[in-house]
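Both complexes shown next keep chain A, but they swap its partner, so chain B is in the first and chain C is in the second.
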Partner chain A sequence: MSFTTLKFLIFFAIVFWGYFLIPKRFQWAWLLVGSLVFYAFSAWWAIFYLLGTITVSYGCARWIQSLSLKQKESLVGVKDKNEKSKIKASFERKKKWVVVLALVLLVGLLVVVKYTNFILKNVESVFHLDSFALDIVMPVGLSFYIFQNIGYLIDVYRGQYEAEKNYFKFALYISYFPHVLQGPLDDYEAVSAELYGTHEFDYARVVSGAKRAAWGFFKKLVIANQISVVIDGVIKSGGTGHEGLSIMLSVVLYAFWIYADFSGYMDMAIGMSKMLGIPIAENFDSPYLSKNIAEYWRRWHITLGAWFRNYVFYSVLRSSWCTAIRKKFKKSKYLASTVPTVLALAIVWLLIGMWHGAAWSYIMHGIYHGGFIILGTILDPVYDKLHKKFPKFYGSKFMSAFRVVRTFTIVTIGYYFFATGAPSLSLSLLKGSCHIYLAGFVQFLSNNLRELIIIGISLIFLIYMDFYNAKGDKPPLGDVVARQKTWVRWTLYFVLLFAILFFRAYDVGDAFAYFRF
Partner chain B sequence: MKKFLLKSLALIVSVGILFYGVTFALILPSKGQAFANNYQKGFVYQYRALERAEGKKIITIGASNVAFNTDTALMREITGVPAYNLGIHGGMGYHYILETALKFVDEGDTVIYPFWHFSEDDYGMGLIWLSLEGEQDLIFDFIKEHPVKALSTVGQFGLKKVYASILGNKLDTDSLDMACYRASCFDAETGNYIYERGTPIVSWDAMHATKLAFSPANFDSAFVSTLSEFISACRAKGAEVYFTFHSIMSGSLVNTAEELAEVRSIAEQTFSVEFLNDASEVTYPFEYYYNSPTHLNTAGMKRYTEAVANALVPYLTK
Partner chain C sequence: MERSEVFERLNEIFRDVFDDENITVTEETTSSDIEDWDSLTHITLISEIEDEFDMKFAMKEVVGMKNVGEMVDIIIRES
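Entry: the complex of A and B
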């Protein structure tokens, strides 16, 4: 059930009003029922995947917890250090096996469902075999909730918090409807207290959440969907029948499309969750104003980056082979720190590419971004020296602007790989960009004039909001609006809602870009 | 809570009133239509002609191939029965065409469905609204029949009209820039497509780049149930339904003759409907086409109509 359907709006109205009308102690249970109903609407059979992963994580986390308790009990009264470490090691080994078992089940499920046909396809093409693709349908949101399950399990294993005792409360954490389909990947510790707590109806908070959600609707229905009308044909055909400038403009618009689509979804999810009194994680922080690729990934899909940093990057860095590399290069401080980091980054970026989809174009996109980040890591000492030598130049506004434009250009070029979902189409898109034919471009603009006018005007608002938020020294725009006179506020709300209804694009479907991941 | 409920309701209702007020003020007036010469108006001409029809008739239904391929005047001349078309654009939606056609099917009528090689199983609301501008009775009928669909999509028309009014008649043909896509290409009285089409205006290569394919896989449950329901409803009214193939350009079909025969046999068995023609009878060379491998030129239209009408005659005299 997509957020932008009438069905969802009715569903949310029921959940929202029910949440504040029922006795407070049942609020979390009400949310659980609502979340399961919401998920079942995507496909009834998909609920078994969701409940299966929840059961595995819950069971394994409880197992780890009981092993930790037994470990504590076994250590009581033991004074010999060797004996203590033996007991500890024995329990740690057991816990590790439980985590490994859970990871095999969860990652295994993801691999089977998401990557089987990709693997089969490549085997077919390497060995020139007949197609034996399987009819596997991926449940929507699988990658997201499997990652959330894994994060929770590893945190419990690392002893960051205790495993949740109540199965149903844990089920709510994973299945909570604002984040189950495409994130954010919420940290259990950060969200659980509010998720299971009781909430009074707070007028100011509800209005603030509703405003945030309305802005998300504008981003998706007006900006993303109007862009979709213009670029879909160009991107999906690999630029066939279009000249270079039209293709380049389409790829630039794709950058804004995916941003408006994904961050719009997040605004809706965060806003609706706020209305219920449950703050969930932010996933975007004006990413296109980043000055380098590493910063961009700290501001784009923030929770995915944090997930890979916490559970993959640091795990690799702490691994025995990275320690061995460090030892090998102990004479050079630079190599001892850089080589393991580069290795960990290479693994992370390969996985991020693969996470986005079972296609070579996504893997290439991951390698492309990873390549820039690795290059930045390797050249870090050089940058440091230059910054110290020319502080005025590097600190200038011109240089800041140049770096923002440079980063946006790199990101946009990366979309040549990402947008099509197939390397052959990406190549065709790249080739097509070289054939510039001005009259064809004018025709393209003319054919899409209506959409381009709406896109242009609405992008001004989007970019202004990003600049405003990026400054960080001003109160949130929502708070500024809340302080205005009644007629100003109402006019703004009125204009926003009217614009959503009147300028939205139709016939482009209700799905969001990240549903497929 | 009460304060929030009342304020949000007031906001939603006032925005809704303004939105629908503006939209209906743009779509309802019959004067000052922005899309009066739009190709989509052809559908309204066909609809109105069917409204005026009396007695037994032949109705050919489907997509744009119906308009481009079937000459209703010639059909009438050959069969001696008044003939009408209902179909100008596949994008209007398969359901919409069938449910609209059913309104006009009466006892003794003959319905011809040029078997389309795929099903477009919904409502193409953009095109439907474009055709309905200024047609107040049709607009209200559609809202009555499909209130959610109508009210949730009518907004797209408002924006189109504002755009057309500000920037001139840019959207007159809604991206279909060819001269053959105009309301004036139709006879406003009969809804027959009368635009004179000579030699093909699209190159042989471009025409052959579009491949046609009939496949047993197209008989999905949605398609089968929708078409079966339509056929049953026609028969319940005392009308008979026949299939034929839409015109096929030589070399544009990916299927072999055996595959095509299999598709025909599946269609006949699934729907218990006879085909008037074999595909080979309506397969014509490039020079009979105009701008696509299913759109015939005037000479092609004559050949196709003769083939279908002559095949139909024995059934009419039964």
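Entry: the complex of A and C
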């Protein structure tokens, strides 16, 4: 069930009013029932996938917890140091086996559902076989909630916090409807207290959440959907029948489309959750104002980056073989830190590419971004020297602006791979960009004039918001609006509402970009 | 081991890893106070500290340490 359908708005109204009308101790249970109904609406059979993963990680986390408890009990009264470490090692080994078992089940499910056909298709084309692809439909949100399950399990294994005792409370953490379909990947420790806590109806908070959600609706329905009307035909055909400038403009617009679509969804999710009194993680921080690719990934899809950092990147770098590499290069400080880092980055970026989808395009996109980050890591000493030698030049406003534009350009070129979903289409899109024919471009502009004007004006607001938020020294714009006179506030609300109602694009569907991941 | 001694040795490591002779860490120093201290350099820093003090951080400590003060607590406890 997409957030932008009437069905969902009715659903949310029931969940919202019910939440504040029922006795407070049932609030979390109400959310659980609502979340399961919400998820079942996407496809009733998918609920078995959701509950299956919940059961596996709940069971294994409890198992690890009980092993930790037994370990503590066994150590009571043991004085001998050797004996102590022996007991510790034996329990650690058992815990490791449990976490490996859970990971095999969870990652295994993801791989089977998401990648079987991709692997089969590649085998077919390599050996020139007849098609034997299977009919597997991926449940929506699977990649997201499996990752949240894995993060929770590893945290419990590492001893970050204790496993949740109540199965149903844990089920709510995974299935909570604002984040189950496309994230944010919420940290159990950060979200659990409010998720299971009780909440009063707080007018100011509800209004503030509703404003955030409304901004998200504007981003999705007006900006993303209008862009979709202009560019879908160009991107999906690999630019066939279009000249170079139209293709380039479409790819630049694609950058804003995916941003408005994904971050708009987050605004809706975060806003609605706030209305219920439950703060969930932010996923975007004005990403297109980043000065380099590494920074871009700390500001774009923040919770996915944090997930890979905590559970893959750190794990690889702390592994025995990375430690061995570091020891091997002991003589050179540069190599000792750079070689393991580059290896870990290569693994992480290959996986990030694959996570986005079972297609060579996504894998190439991951390698492309990873390549820039690895290059940045290798050349770090050179940059450092340059910065120290020309501090004035690198500190100048011109250089900052240049770096922002450069990063945006690199990201946009990356979308040539990402947007089409097939390398052959990406290649044709790239080739098509070289054939510029001015009259064709003017034709393209005039064909889409109405949409382009709406997009242009809305993007001014979007970009202004990003600059405003990126400064970070001012209160959130929503709070500033809340302090204005009544007539100013309501004029603004009506402008936003009418913009959504009149300028939204129809006929482009209700799906969000990240549903397919 | 005295706390002040740990800080002295830590300062050496920080200056070496971040290539900046002006760094002096305190109890409250966090990654946001040192420009180059990100997830990439964090593990290098941790490994250098482990070698220097001949100890090992648990993964939950690597991920969860809030400031240098907490880091010093762990070093004193484990070494």
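Quick notes on this structure:
Just so it is clear, the second predicted complex is superposed on the first by the 517 of 517 C-alpha atoms of A that agree within 3 Å, B and C clash if a C-alpha of one lies under 4 Å from a C-alpha of the other, contacts with A are read in each partner's own complex, and residues count from 1 in each chain.
In this section, a residue touches a chain if its C-beta (ideal position, glycine included) is under 8 Å from a C-beta of that chain, and two chains touch if they have at least 3 such contacts.
All values reported here derive from a predicted model rather than from experimental measurement.
Aligning the shared chain A places chain B and chain C next to each other free of steric conflict.
Here the apex is the CA centre of chain A, and the angle it makes with the centres of chain B and chain C after alignment on chain A is 170°, in steps of 10.
In the superposed pair of complexes, A:Val207 makes contact with chain B only, with no contact to chain C. In the overlay built on the shared chain, the residue A:Ser337 is in contact with chain C alone; chain B does not reach it. Looking at the shared chain after the overlay, A:Arg326 reaches chain C, while chain B stays out of its contact range.
In the superposed pair of complexes, A:Leu445 makes contact with neither chain B nor chain C. In the superposition on chain A, A:Leu51 makes contact with neither chain B nor chain C.
By the touch criterion stated above, A:Arg158 is placed in contact with chain C alone, chain B being left untouched.
Taking all C-alpha atoms of chain B against all those of chain C in the superposed arrangement, the shortest distance found is 39 Å. The intersection of chain A residues touching chain B with those touching chain C, taken from the two complexes, is empty.
Remark: chain B residues 1, 3-4, 8, 11-12, 14-15, 18-19, 22, 124-126, 148, 152-153, 155-156, 158-160, 163, 167, 170-171, 175 touch chain A in the complex. Chain C contributes residues 16-17, 19, 38-41, 43-44, 47, 58-60, 62-64 to its touches with chain A in the complex. Chain A makes touch with chain C in their complex at residues 155, 158-160, 294, 309-310, 313-315, 317-318, 323, 326, 333, 336-337, 340-341, 345, 377, 384.
Across the interface of their complex, chain B is touched by residues 6, 20, 201, 203, 206-207, 210, 446-447, 449-450, 490, 493-494, 497-498, 501-507 of chain A.
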